[in-house]
Amino acid sequence: MDYQSIITFFMEMAGTVAFAASGAMVGVERNMDIFGVSVLGVVTAVGGGMIRDIVLGIIPPNVFINPVYALVATITSCLVFLVFYWKRQLLEGHMRLTYDRVMLVMDSIGLGIFTVVGVNTGIRSGYMDNVFLLVFLGTITGVGGGLMRDMMAGVPPYIFVKHIYACASIVGAVVCVYMNRFVGNVEAMMVACFVVILIRYLAAHYRWNLPRLSHNESEK
Amino acid sequence: MDYQSIITFFMEMAGTVAFAASGAMVGVERNMDIFGVSVLGVVTAVGGGMIRDIVLGIIPPNVFINPVYALVATITSCLVFLVFYWKRQLLEGHMRLTYDRVMLVMDSIGLGIFTVVGVNTGIRSGYMDNVFLLVFLGTITGVGGGLMRDMMAGVPPYIFVKHIYACASIVGAVVCVYMNRFVGNVEAMMVACFVVILIRYLAAHYRWNLPRLSHNESEK
Amino acid sequence: MDYQSIITFFMEMAGTVAFAASGAMVGVERNMDIFGVSVLGVVTAVGGGMIRDIVLGIIPPNVFINPVYALVATITSCLVFLVFYWKRQLLEGHMRLTYDRVMLVMDSIGLGIFTVVGVNTGIRSGYMDNVFLLVFLGTITGVGGGLMRDMMAGVPPYIFVKHIYACASIVGAVVCVYMNRFVGNVEAMMVACFVVILIRYLAAHYRWNLPRLSHNESEK
């Protein structure tokens, strides 16, 4: 296992924990049982990578070859469930703000890491020159899990309603693709990951929003 | 066609009819037209197997090579539609209880059969040693169709709200995987299928539930 | 690039523009920001083809090899967004009728073209004799994008609630498959495409509906 693989592995682990926690928290908020919470956590953590592998023809998807990701996601989800099971008040009052903030941080880290991991998987599969495919792979790895989480939980997909979520992932993927041509692979991943988290943080902090139609018409 | 293939074929047929009926009944309840009811029936019956085949790289998925499954599912769905079309009162009053009970039985049988068929497909594809993949294949074959049905019908996915639905499938898949190592293939499928149906039945009858957070906070 | 490829290319372009516009309009109506509108437009335009390619084992899906489709879909979506951004009143009052009519026309053209393109992709992949697979490929290419659009936008899938939408696609696919055996490929595509648009138009104009259960029971 070379240097690059080790870095990638640790980044993937961190992303898995972050996304599993964010998925589990959506399940907790929807009042699901421990199984539903775990499924949402695992789907959020491995769903994007699974779509990416199927699109790339990596059969069976990597998540089944290295079950450690799903295992870590399951354990993380169960821990999140237990924390809220014993400390229910964490979901209420001013603790709610902390909840939202932790959720944001978790989600941003996962988004950044998974975006660059997705781009990297595409490069290793030999599609270095197909920028469009690489950016798609990065973005779907980054937002795919959250999208599946929201569709399964029956909530409006986060990527459509909140700030410039997926845009951060797209920008990060583009940065990662182009930096790969000039600097080393690991450096490109680090910088691009940081870019995603920074954009996401700034967008949330300064309430950046993309242009949209006014709210005149009533939404159904 | 050997003994094992024949048994598998008949089990799949029974599972297809059961799942198609359960899918069609969801469509009927949602007041869909005959086409929507048929689509929901077919999706419920073949959706899980299609996801499984794509994950395994069986291209094109088996459902297109043997259209008999989709055909049987379509006929079953149309029959269900016609029954409720002519006997609308079956959806009301005390008949409602019978409806729910039939739905439960259909769904349990389909879940049990499709779980073991999924595990078996994985074993035949040569993944005997990847327990995690086999259990996933069994579970996705078992619950995938119902999940797609619920997402398409716009109802909260059954596997997240009802009893220990998917857990039964997971336990059955694990039983099937390990029994395959000690007894014959057909025997393992029979026993595991029975285990799924039993757990599902007991869970519904005794209202087993997994731990969840209390209902204090209002659901949005 | 032979004659047939050129015709197919122009048809696909027209279908892409039509479907991207229909997807973007759903996003505009749901008050999404410009990113969400673009994603919905692109998903509607390329989603069906992507599912088709994955089922056929065309890896990576064609949309990533020829990014022109996604590019055209993105530009179309942004244009639609800008039109409604500057002329908000287009969504209100009697303009609403025009909106609905344009949407219907766009959607019908896209449905017709993508249905025959889907069938054609299957034929070129060598499945000429598997009628069931070809019809599925045509239908999923035709309705898959719209289905993903509706599931992601959180609206009840159009194919389940409106007229005989998917039926038109199925009939067109069957026509396309059988005409391919008697006349040339391009002629079959033209006729089948026209059949889909005609059925769709007549169904909307004369308010054809498939039988459904009465609305006695309250929908939840």
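Each chain carries a letter (A, B and C) given by its place in the written order, and its residues are counted from 1.
Note that contacts are C-beta pairs under 8 Å (C-beta built on N, C-alpha and C of every residue); 3 or more make two chains touch, one makes a residue touch a chain.
From a predicted model like this one, the values you see are computed outputs, not experimental measurements.
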Category of the chain touch graph - line, ring, star, complete, other: complete
Superposition rotation for subunit A onto subunit C, Cα-based, multiple of 5°: 120
Copies subunit B and subunit C touch via same or different residues, half shared test: different
Inter-centroid spacing, subunit C versus subunit B (mean Cα positions, whole Å): 30
Residue numbers of subunit A (touch at least two other chains): 54, 57, 151
Sites on subunit C touched by subunit B in the complex: 54-57, 127, 130, 132-133, 136, 147, 151, 156-157, 159-161, 164, 166-167, 209-217, 219
Residue numbers on subunit B that touch subunit C, as the complex places them: 27-36, 39-40, 50, 54, 57, 59-61, 64-65, 67, 70, 84-85, 88, 91-92, 151-154
